[in-house]
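Common to both upcoming complexes is chain A, partnered first by chain B, then by chain C.
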Partner chain A sequence: MPFTLEQPTTVEEALRRLADPTGGPAVAIAGGTDLLLDLDEGRVSAGRVVSLRRLPWNRLQWQGDSLVVGSTLPFARLGADPAVRARLPGLVDAVDAVGSLALRHRATLGGNLGRAAPASDVVPILLALGATVRLVGIGGHRDVPVGRFVRSSRQTDLAPGELIESISIPSAPVSAYVWQRVRPANDVSQVGVAVARSDSPSGWHVALGGVLPAPTRVVEAEALLARRRPNDAEVELAAQAAAQRATFVTDKRATESYRRRLVSTLVRRAVARALRTEVGG
Partner chain B sequence: MTRSDAALKSRGGAEYGLDLETHGMLHGVLVPSPVASGVLRSIDLSAARTAPGVVVAVGPAELAALLPNGGDAERPVFPRSRVMYRNQPVAAVAARTLAEARAAARLVRVDVTNEPPLIDLEERFPEWPASLTSHDPAVVAHVVARHGDLAAAFRTADLVHSETYRTSGIEHVALEPHACLAVVRDGTWHVTTTTQTPFGVREDAAEILGIPQESLVVEGTWVGGGFGSKGAAFLEPYALLLAAAAGRPVRLAFGYRDEFQVGRSTLPAVIRLDTAVRNGTITARRVRLLLDTGASLPGRDFATGYSIGFLLGPYRIPAFEMEGYAIRTNKPPFGPHRAPFAPQCVFAIDSHTDGLARRLGVDPVEFRLRHVWREGDRTPLDQPVGPFGAAAALELAHAKVAAWRRTLPAGTGIGVGIGFWSTSTGAGGEVRLRLTATELVVEQAEHEIGSGSIVRGLVAVVERYFGLPADRVRVTSPSTATAPFDSGVFGSRTVAALGKAVEAAGEKLLETLATRARASGPVRLEFDGRRLLVVSGRTKVPVSELLQPDEREGGLVAEGRHYGRSGAIDASRVVEGTFYPYTDFTASVHVAAVSVDRETGSVKVLRYAAFQDIGTVLDAGMFRGQVEGGVAMGLGTALTEESLWAPDGRMANPGLLDYRIPTIAEIPPIEVVAVEGFLGAGPFGAKGLGEPPIIPVPAAVANAVADATGARVTELPLTPERVARALKLL
Partner chain C sequence: MTGPLTLAINGAHPRTVDVPDDERLLDTLRWRLGMKGTKEGCRTGDCGACTVLVDGETTLSCLTLSREVDGSKVTTIEGIADDPEGRKVQAAFEAEEALQCGYCTPGFIVALTGVRRELGPEASTAALVDGLQGNLCRCTGYLAILRAVERVREAPR
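Up next is the complex of A and B:
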């Protein structure tokens, strides 16, 4: 469907345009790699599309031990940053899993979160890393943990007129994201598993993508990964616990029983991959 | 050798169907049926007609006024009563802009009953063939052939190997969608279109519209990939109808979504195979095929009787029975897809044969060598097998398997697949050569579809025949108004058939030149860097001196034709239905090396080798490219591509997100080897190459997976989940 594109250069202007009732409903767009398909096929209808690409959000910076990623930063820049690769290897795993290289030069972390796709490759690792989403609205800022921000399939905590400004991600050198697809490149994951080991508070976080309406942490599995370096038996128990977590979806990409099988396999692989930097440690 | 279209296409200068534009042109949009099965009660076009920008809206009720006798009764442009598949065009509108036409199409009110559609073959016929008779209204074709004492062979067998295979629907995914531009003026119907067969479109569209063929002119464009999708009239009759109604030019084009939802391609099938063995030799084979042919019409099914022959394999089988059912379902009609249904048949029979050899404890390649046709053998329907490179290719594959066993890591699965194909003759083809002082022009009807058969294949034939450099040869593609007849770019026939027509025309041309040059013996052509010369012994005469005044512009003309024959099948072996003769056999033997993830079922193809029986290679680069392209496309059929149909007849994956063609990341290094010397019927003994390289790919990959894991996957494609099931992971 045809729409008009608006390209504000300040945050204030962007918020004002989004809230402007004249000219019909408006929707914010960052990279557009997901939204444009929905606009084209009529799943989202908006006469006005407000681009965020001219806002000063296309950047990343470290604040203490946390990485703050501007919401319009393309995935490709995140994956190419040496400090990010060293301190957040699981985030880089997930970013590198998105689409193709061409697409990663366009797609953004903010857009991925805002669209809240059930099979997002990025939301599971943000959950496991304990990331926080910074939102901005006419009334000011608020910070929401990713687990509360993504509510369900395509449902977020974003209020009308609000925008995602940035995402704050505590570093976790022991972290990983692994996935399974029909086709390795440029496909939607049937299952994605993210794990991260945190020091404060100490413990493992495990999150699943692609198997439920929204990416979800599995505390049952986390509880079984009590030690910094769990042994094979403990990992296996955690993997089984994750697989028994809930009724997973059956859809055109995979059946529930296959997804269940993949969850246990991928939890094992994710923990092993996260510990790869600590061999013998 | 650089292709003559390379520079043009690299610069974006080639005009495709979607580039067509003309002054005062309208945009057409088809109105889709909202249900897969139902009876049309009414179509209300009034709101669409008064919508902004709309010039004309037509439905079934308008056909009588626009077409002689309302067009073809059997295949009306729009259904008159029953809707057969979801999104079937039931009406059409034309407006000034595409957006206006789309908006108006949504205003058309289609009142149609909603009946439960037939989508899943096995849901309807779970116990087939026991539960199925040829009288069932869903059966549009039933073919049976048999020979030899089948009962005795199965009774006395040491071993009977019985399996059921399933294959999925696949799409063409040509880069360029269907598009055409129609103009109807002063009783002449004219359509410019992207097509593999201008004369085929003329015949087909004229029949559908009920107009004489002579009043319709079909003009081609560059074609951005065909793979069988552009081999018959499709959008052209709708565009012509709209142009006639509007009195203005109308362009009609599909988007990718339309290609998926309405395109005519390969549909699912179930295949049952029983093979009897005695003393390590196959004594009998029974093959049964249940083929989904979509909304195809009775009497128009070609797929079943043609494809089922591939199910017996290129093997000596003393006794056989083959039985095929074409089932009419509520999907778009079955249409040809590169080597129609042969990759699926070969997947089934060659997986079956490979598994049988393993069960017998015999090397699978040796087992095939024991049975494979050699020159002088007869096919099941008693056609003679001519020069055939299958055994030679199998020997090469055998050596490749052994080499990879030594060098590739333990756990690697290595599989072989063998396919055969028959280079089609089509209904024949003709060319017109024009020799001027400086170039030789080949006039013929076909347009380059991407494979290179026109821009390079025909040029290579001229190079060899006349000894002229490629830059002195130009191939043109006039419209059907003036082009010599040809039956189309399909069946791997283009270079084989038109190349022979070039030779025939060349012979006449050289005879004329010899007469005019008063040569005592045969003459040949030569290029001296400036002009063309006729050479006879030591005498050289410029062509310009031999041209008559009226030939200065158009050149000296010589026409050639080639109407090949397919030979006959033994009709006494046919019990029911129509079977088709094969001719000019090619063999394709492929070797795949794979790794299989034993926990997820993911298959990665590590290495690939293709041994292609080709007769004579006319151009080494094109040969290699054609085989590599076939392998890449076949890997999609093998591993990832399948059309998914929901129970209500909706296509569930009408786009490239969930219909997964391979990306370059999945394509392994491919070794391509020509097996030459088993000469075919084409020019200089060449055999057709359009389709053969895709045929054995799914079989080779499946056999490699079985080699790696011991598990046999009996359903295409071999997605990770299907492999995981075969591995009993779930």
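Up next is the complex of A and C:
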């Protein structure tokens, strides 16, 4: 179905155009790398597409110890930023895992969150890092933790007429994201495992992607990783707990039992990778 | 709806054409402007055959709405030899005979040119190959392509 493209330059205008009842249903587009395919194949039908690319959201900034990522900042810019690489290595692992470099020049963090794909490589690390999504609507702003924002497969807390403005991510120099898939650049992950160690309150967060009905934290595994530098036996127990806890699907990419085995291996790799920058113990 | 689209393609003076709002850059280049060097492979962002440079960045033209890049500079395979880096990449592909059927070649040459510009002349072979992960060769002629990447790295500046 053909659509018209609207390219507002202010947030107020974008919100007004999204809410405008004349001209039929409207959908917001950021990088478009996922949504354009759905528009082509009729999985999403909208007569109007409102581009967010000219809004002043294509930027990142530090607020104290947190990184605030504008929702339309392309992944490639996020992954190439030296401060982000040093303070949020797990986020960079996840961003670099998305598609190919050319795709990352367009795909955005806000778009990935808004589409809420169950195999998203980005949602698990945002869960592990305790990120918060800032939404804007006609009535003002609201802040929603990522775990409440992503409700289920392709379902989010975004209300009609609302937009994702930015994502706030507390820094975590000890963090990692690891994944397994058939081909690196043009497939999605069978499963992904994100881990991050926080100092206040102290403790590990572990989150899985490629599980049902949406990426999720596994508190059972987190409890078993109690210490700042867990030993091999503790990591092994946490890996098994994560594998037992999650609900996996069997599809063309992998069977349920293979995914379960992958998770256990990837939890071990993720913890080792997160600790790689720390010397000694 | 249609609207004006102004692009400066391959160093030429900016040119304005009227395009539908939902037209992709790939279709504007191939069917509206007759520049058939940029190839359509999968049309889903998986194969890289349609890679062009938009303001210097490797871009999948099949996933780009033309009117969203209004005002940009676009480099396609037809203009790559006018770029010194692009000429070097093209020469390396020629020297290594890094093509079989040739359909993926424009995408590879444009992508490697963009990745070299983005990562700099010191970028390792592994980093360059990583930048080409989104380009597929269905003839599986990757060994010659890999030799071309190495030849570009070793070429005099």
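The definition used in the following text is that the second predicted complex is superposed on the first by the 278 of 281 C-alpha atoms of A that agree within 3 Å, B and C clash if a C-alpha of one lies under 4 Å from a C-alpha of the other, contacts with A are read in each partner's own complex, and residues count from 1 in each chain.
Heads up, the rule we're going with is that contacts are C-beta pairs under 8 Å (C-beta built on N, C-alpha and C of every residue); 3 or more make two chains touch, one makes a residue touch a chain.
Please read these numbers as outputs of a predicted model, since none were measured by experiment.
When the two structures are aligned on the shared chain, A:277 is found in touch with neither chain B nor chain C. Of the two partner chains placed by the overlay, only chain C lies in contact with A:53; chain B stays clear of it. In the superposed pair of complexes, A:254 makes contact with chain B only, with no contact to chain C.
Contact with neither chain B nor chain C is seen for A:202 once the two complexes are overlaid on the shared chain. In the overlay built on the shared chain, the residue A:5 is in contact with chain C alone; chain B does not reach it.
Within the superposed three-chain model, A:186 lies in touch with chain B and with chain C [touch as defined at top].
Looking at the shared chain after the overlay, A:100 reaches both chain B and chain C.
Contact with chain B, but none with chain C, is seen for A:262 once the two complexes are overlaid on the shared chain.
Touching of chain A by both chain B and chain C, each in its own complex, is seen for residues 2, 37, 100, 184-186.
Chain C contributes residues 1, 3, 20-22, 43-48, 51, 57-60, 63-65, 67-68, 111, 114-115, 118, 130-131, 133-136 to its touches with chain A in the complex. For chain A in complex with chain C, the residues that touch the partner chain are 2-5, 7, 32-33, 36-37, 39-40, 49, 51, 53, 76, 99-103, 105-106, 184-186. Contact residues on chain A toward chain B in their complex (touch as defined above): 2, 37, 41, 100, 180-188, 190, 252-255, 257-258, 260-262, 265.
On the side of chain B, the complex with chain A involves touching residues 99, 257, 599-600, 602, 604, 639-640, 644, 652-653, 657-658, 660, 662-663, 665-666, 719-721, 724, 729-730.
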